[in-house]
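Think of it as A, B, C, D and E in the order they're written, each chain with its own count starting at 1.
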Amino acid sequence: MDKVRFGHSIVPYLFLLPQMVVVAVFFYLPAGEAVRSSFFLEDPFGFSATFVGLDNYADVLSSAEYRRVASFTVWFTALVAFFALAIALLLAVKADAVLRGAKTYRTLLMWVYAIAPPVAGLLGILLFDQHVGPFVAIASWFGWNLRIGVNYYDTAFAMIATAVWYQVAVNFIFFLSGLQSIPRAVREAALIDCRSGLRRFFTVTLPLLTPTAFFLLVINITYALFDTFGLIDLMTKNEPGNNPVTLVYKVFLDGFRGNDLGGSSAQSVILMIVVFALTVVQFRFMERRVHYA
Amino acid sequence: MARLHIDQVSKIYTGTQRAVDTVSIDIDDGEFLVLVGPSGCGKSTLLRMIAGLEAITEGAITIGERVVNDLDPAERDIAMVFQNYALYPHMKVYDNMAYGLRNRGIARDEIDRRVREAATTLELGPLLERKPRELSGGQRQRVAMGRAIVRNPAAFLFDEPLSNLDAKLRSHMRVEIKHLQRSLGITSVYVTHDQLEAMTLADKLVVMNAGKVEQIGAPLDVYERPASTFVASFIGAPAMNLIPFSALGDDGRLGLRDAAVATIGFRPQDVIEVANDNEDGDGLSLRFVVDAVEPVGSESFLHGKVGAERVVVRIDGRAPHREGDRVGIAVPSERLHAFDADGRRLDDWRAPIGTDTAKPKIRAR
Amino acid sequence: MARLHIDQVSKIYTGTQRAVDTVSIDIDDGEFLVLVGPSGCGKSTLLRMIAGLEAITEGAITIGERVVNDLDPAERDIAMVFQNYALYPHMKVYDNMAYGLRNRGIARDEIDRRVREAATTLELGPLLERKPRELSGGQRQRVAMGRAIVRNPAAFLFDEPLSNLDAKLRSHMRVEIKHLQRSLGITSVYVTHDQLEAMTLADKLVVMNAGKVEQIGAPLDVYERPASTFVASFIGAPAMNLIPFSALGDDGRLGLRDAAVATIGFRPQDVIEVANDNEDGDGLSLRFVVDAVEPVGSESFLHGKVGAERVVVRIDGRAPHREGDRVGIAVPSERLHAFDADGRRLDDWRAPIGTDTAKPKIRAR
Amino acid sequence: MSDAVSTARPLAPASHRPAFKWGPVFDHAILIAGAAFMLVPVFLAFMTSTHDAVTIHTGGVQALPGTSLVDNYATVMFDGLGFSGAVNGTTMMLNSMILGLGFAVGKIVLSMMAAYAIVYFRFPLAEFAFWAIFVTLLLPLEVRILPSYEIVQSMGLINTYTGLIVPLVASATGTFFFRQFFKSVPDELIEAARIDGAGPLKFFRDILLPLSRTMIAAIFIIMFVYGWNQYLWPTLITTNEDYFTLVRGIKQIIQVWVGSQIPEYGQAMALAVLAMLPPVIVVVVFQSWFIKGLTESDK
Amino acid sequence: VTEISWWHAMGGALGETVNEIATNFNASQDEVVLTPVFKGTYEEALTAGIAAFRAGEQPNILQVFDAGAATVIGAKGAVKPVQDLLEGAGASFDIEDYISGVRYFYADSDGKMIGMPFNSSAPIMYYNTEALEKAGVEAPKTWEEFEQIAPKLKQAGYIPLVQSHLPWEFTENFFSRHNLPFATNNNGYDGAEGTKLLVNTDGLKMMFAKLAAWKEDGHFEWYGTGWGDNQTPFEQGKVALWVGSSGSFGGLTKSAAMPFGAVPLPYWEAIAGEEGYQTFIGGAALFAMAGKSEEENKATAKFFEYLTSPEVQLMWHKSTGYVPITNAAYERAKQQGYYDEVPQAEIGIQQLNMKAGEWTKGYRMGFYVQIRDVMNREYGKLFTGETTVDEAFKTIEAEGNQLLERFAKTGS
């Protein structure tokens, strides 16, 4: 049944107004400005601008570097989302299963959430430092010459590890609450129907967690795409060089750091379109398969 | 198909309080045992210990020949039907039923055969492709039953499986469950706090109170010879009227007395209306003031008071009484129950004048 | 305190399907009207239209003298009790009750007086400082009642207020609600799908089916003279046995016939057991094969078949029958109900031999 | 069969010792490993913050306590940073607090109101409004930061808390959360309230607001942490040192051009540890509400 | 009093020195109050300045780093040339007062100084004294010499050579050290239109081919783009020679595990001949933003005067390691015997004062930040074996020229 609602009057508009105003002024205006400037090549100080049509887009899309960054972004996003979700899920399932100390674990596991991304990045660079980083030392025990900043893949590894580390806490919190809202009787029914804990997990618990997982997937993709910005900035030490960066960071590099307004606006617009498409796909196709308990 | 043996089982959740307190029950092969009692008396806890969902603090539970205390639920060869059905919301009806079998590595066509058979029995045939949320309450209930049946387990466990259904469906499913259990011949343990369900379903009835067993027996035995005031007031609807012996004062005219008698009880339907001053026969006769009249069609209930005690009287057909009426009522001596100060039944509290306890008969109107 | 007048009211949610279909009901001042019917028949929709929670598609509803179609719920001077109580979880019991009054700008001490008065009536005194989650189901129910009472509205509306309670509490609250309504004398509309509640509570009973009114009348009139097979099967538990006239064949021996008779009905408790070949008196006599026996303590139900038709028979006390028994049964002519092919009651389907319908009497055992 | 009261069979008292289970041990092992995975870096951060800059510069993160604990913390807490010398750890913490609180509160107020309008009213623009707000999830501030700056500036909001906070509020996360939550609030409550004479405003104030407490707590935590941790926007939008936040302070300490100086790593770490504290306290203290808020909203 | 603001990117101890200068300035007179504001990294500070300028909220003084200079100078009307500013305020200005290497880097094609060099440094070579002793060699003057001693250093157990900033030290300054053109259009000074990089040329390719070969032989090591990542092994005493900044010695004194010294950046005798040319300055300059009132410009000029005074320059030089920008300050330091105490501190200035050539005054290219990014990326690929020298410079040239072309369009 549809939600019972109040009739239509001036009230909803009044309630909506503040957010709409803020969104319009601080989101749509700037976003519109970004779209506009993606068609221009503009002197950063605003003295002059040349209309170049779709040139900025053409330049961006034909750039091999842009494609490399795009494909890294896809991998990065997929891997970060996957590991952050998987590790958090494992921990949440275990924290939900143990009877003793559940609350302690919960506290220990969730408070990393409170750390600022730049701080997380700072810890990341120190831990992965080529010369004195403990993780590099640990890796060398296994014969892995981990060289962050030198080797593209090693840097990618460190970025992903740090990004995952930071995101696990949030996912953990949500998964734990998701688990706790699965009806107890259903889990007990599964206990009777199925001996293997692993099988039980994959056939009953996981499907029932899909609403949470779906929501988290959206959050994690957004996180990996956008919120890892500060972390990448720190881990590449502001000098990306041959290190992997994501699309958003590239927008920042070209626009904020390099003052190429037209080029970075074009990239922003491309990004918007991609994310919008992604969101529509997520909502259309995935939510349909989600099981709401 | 197996015997179930519960041997001095206790459950302590925390501290020293026993949610289930040294309970021993034997359940024969194919028997339908009903656990009944008020909310919080430990019924579910006991059932869940049998299922393996709750650790057993003390005592042992044996299913068939095996002590199951340390076995996983899935290894105990039991099937359980939950109060809110606990269907897997993400699986179709078919898969809900097949799930337990698949995990036991049964061949696909064997699973298919069993599921379809159960679906036919339960008239679920057309629903096999639906998801639980597309089913009505009664249909869900039947799927939950189906899930238990296909497993063909040593024992069925039911935890208030009907309490989420409306009255009509409830009485319908009651008959179905009984019928099914009979035809499958599977040992069953059924938890309810509805005394009507308990009475109609049980081969053997266990009345529990505060973690302890109050009485074990055939339902009608329990009904007719409640072992305590607790059982007396719990079994039978409306409940047995219980009046402190002292309150009867001069109003009650009882042939014999026993010093231990503390409470006298009688059921609403055992009351007969008498002329105000009628004093014939032995038994109880009382003055009753009507408070409220509830006509239910084929019978009516008079709610009212005897002295300060609330009493309910059942009358066949439509009652001519109205609020405030004063009525003389009597209860034949052999229909009276007596209990001591601890609430325990007294059997020989009066000289036997003729023990014609309830001869079953069909009475002509 | 007011009359309620429902005049040809319909509700169309979407398309052309009528969830409520041209319903007209008059409710007198102080009357207790019960709407009963199966799930989805439109009871709640009708009630919600009275409350103003749902727009009225067609027709008019008058409370007192005012047509309320266009009034806000709060302006209609009604109070409503919801199935799941809809208590404000964050407010104390006191505030739950006081909230509606505060919004009406009633003086603080007047509010206080009213709340405490209602709390006394409902024995909620000690609970006033609690939050809803600290209350039992029955207590919550009473708070919901209290919230309605304090308002002293023109009418009470109840939407299945007892269906979340267990059987015992339900029967207790039933009596309380009736009692309260009587003493306050407030016009009430009560929705339920439990026929027992409907029978015991109603001054006037409305049986609905698929959005339409099937019958309006006093509960016992409805019980004794159901206007249709639908009402017959809905009111009374266990339900009336309904047998197609054609299926009676030579087994039935009925004095008179009417070409229109399509179905014959009789209630389980109107059956008498007869020797197999008894043929005396007018009425129906049938051969009945027992399927299942349900002893309920003071009475037993025999489930079984007459030919291919399922029939239930009630027997006082303990039944000596067992599965497979064949029993001769008879129903006196005046206890039979006849319906035409549309399921409508036929009243003059046989010559009147003596219309002694159900004289109320207390029968001695 | 008789009316036996508690039929105790004359058997020797059942003595059965429960078998030892390995499962829980394994579970705990995983959890401890997980907790270590999450906590070791933080522990190292703290240990490192007790060393002086040169040790850290040459030796990296430190696992053992050093001698500069008091030094580092006292310096960052009380010594002036920046030109005016008026900002120190304490004032930066205050600013971070204002940013975190202002952001969280602003976000909650706006998004709750908007979600209320969208969920509880039937009006032509509801669907459009939802999407218009939802789309803001798509483009983070970093990507539209220059145009945003111009707009904020043209409104004269440079160097104001308003300019600092309000533009950050222009995203849909809160609205999204509240919408989900409101949808799970039982319909009967609004019906009961309407019958009780509560209009839209009263319903919002008297019923919905108190009911949303746990949800508000959850969102508050999320938003507070987010606001507290902002860096780029505050740097751009404020020129006045009075608006320095902790995160910006950290950046200022570490940032040294081409190694002509050794960054005060110890102080940076100390500041980082301090920067963690309030959000951590908020998270730990409110965690039950947090979990509850999320659990309830899932229903 | 006139209030003026100064946005800078000097964090840490540098920031404190900046604050000290400002405080001292404010104390030295009572007409002007200067407020310095830390605005993050160089890039962040520049962008903040640009955004503020577009909004009419620009500071009086903005610190802009070397790679961003073209953006500021290219936008005609964004800044008021210091020369005009100082002259307009009635102060004396003579470009010859400044040391040779810093004169024209922030000047326009006519040689008018636009930005006031502030924190200036030069790439110089530090050596590990112990390592040289152990290997029995001298610090190299030329790369040819380096090739001679590298095997010995390696044999002594050291990594012979490490650097910290390939685009600055081995690319830009390669051109100045050898007096080679870096870009067309007079190294870009003559306008953005048509400016092309000249990196895909034999000299530079030779340099990087050598570096790649040295790396192959274990004579050179590369630790990524990060400055510190390359400096650390030197501090740890694992490296014999490190090319860093003239400003690095302050930090090194505290962190280096061994005694060290410094020499000018080596050059190829084969290209430059007997003597190498002076290098470009690194670091940043202060620009007076346009659009300010006459009064504020006067105040700014006043501060610039103060800043360039020998006392302040000397103080800045000593406490930060950046070179003093005026001859007067340099002289004073020498007089005070500062370089006897800290000989390494002089290397940078000496290098900036070396022989000047046609191509040593500087370069001016737009989107140069991105061009450096491209270089860094390609060099990274080169040293991890993902590309060849030929490929790398082809890419740098192509992508760099595309960026220059795009930049040219922003101006018209």
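Quick notes on this structure:
Everything below uses one rule, namely that a contact is a pair of C-beta atoms (placed from the backbone, for glycine too) under 8 Å apart; a residue touches a chain by one contact, two chains touch by 3 or more.
None of these values were measured; they are calculated from a predicted model.
Under the contact definition stated at the top, the chains bordering both subunit B and subunit D are A, C.
Of all chains, the one whose CA centroid is most distant from that of subunit C is E. Per-pair tallies of C-beta contacts place A-D first. With each centre defined as the average position of its C-alpha atoms, the distance from subunit A to subunit E rounds to 37 Å.
Averaged C-alpha coordinates give centres for subunit C and subunit E that are 93 Å from one another. Centroid to centroid, with C-alpha atoms defining each point, subunit A and subunit C lie 57 Å apart.
Between subunit D and subunit E the centroid-to-centroid distance comes to 41 Å (mean Cα coordinates, whole Å). Multi-chain contact residues of subunit C (touching two or more other chains): 53. For subunit E, residues touching at least two other chains, in rising order: 41, 44, 47, 54, 227-228, 232, 236. The set of subunit D residues touching two or more other chains comprises 58, 146, 150, 191, 199, 232, 251, 254.
If you check the complex, the residues on subunit A that touch subunit D are 1, 3-9, 11-13, 15-16, 18-20, 22-23, 25-27, 29-31, 33-34, 37, 87, 90-91, 94-95, 97-101, 105-119, 122-123, 126-127, 129, 131-134, 165, 168-169, 173-174, 176-178, 180-181, 197, 211-212, 222, 226-227, 229-230, 248, 251-252, 255-256, 261, 268, 271-272, 275-276, 279.
Of all residues in subunit D, only 54, 57-58, 82-85, 146, 149-150, 153-154, 158, 232, 235-236, 239-241, 248, 251-264 touch subunit E in the complex they form. Across the complex, subunit B is touched by residues 39, 163, 166-168, 171, 175, 178-179, 193-196, 199-200, 219-220, 223-224, 235-238, 267, 269-270, 272-273, 292, 294-298, 300, 303, 314-320, 358-365 of subunit C. Remark: subunit E residues 5, 7, 9-15, 18-19, 22-23, 35-42, 44, 47-48, 51-52, 54-57, 59, 119, 121, 164-165, 227-228, 231-232, 235-236, 244-245, 247-251, 254-255, 257, 282-283, 320-322 touch subunit D in the complex. Across the complex, subunit A meets subunit B through its residues 183, 185-186, 188-196, 199, 203-204, 207-208, 210, 291-293.
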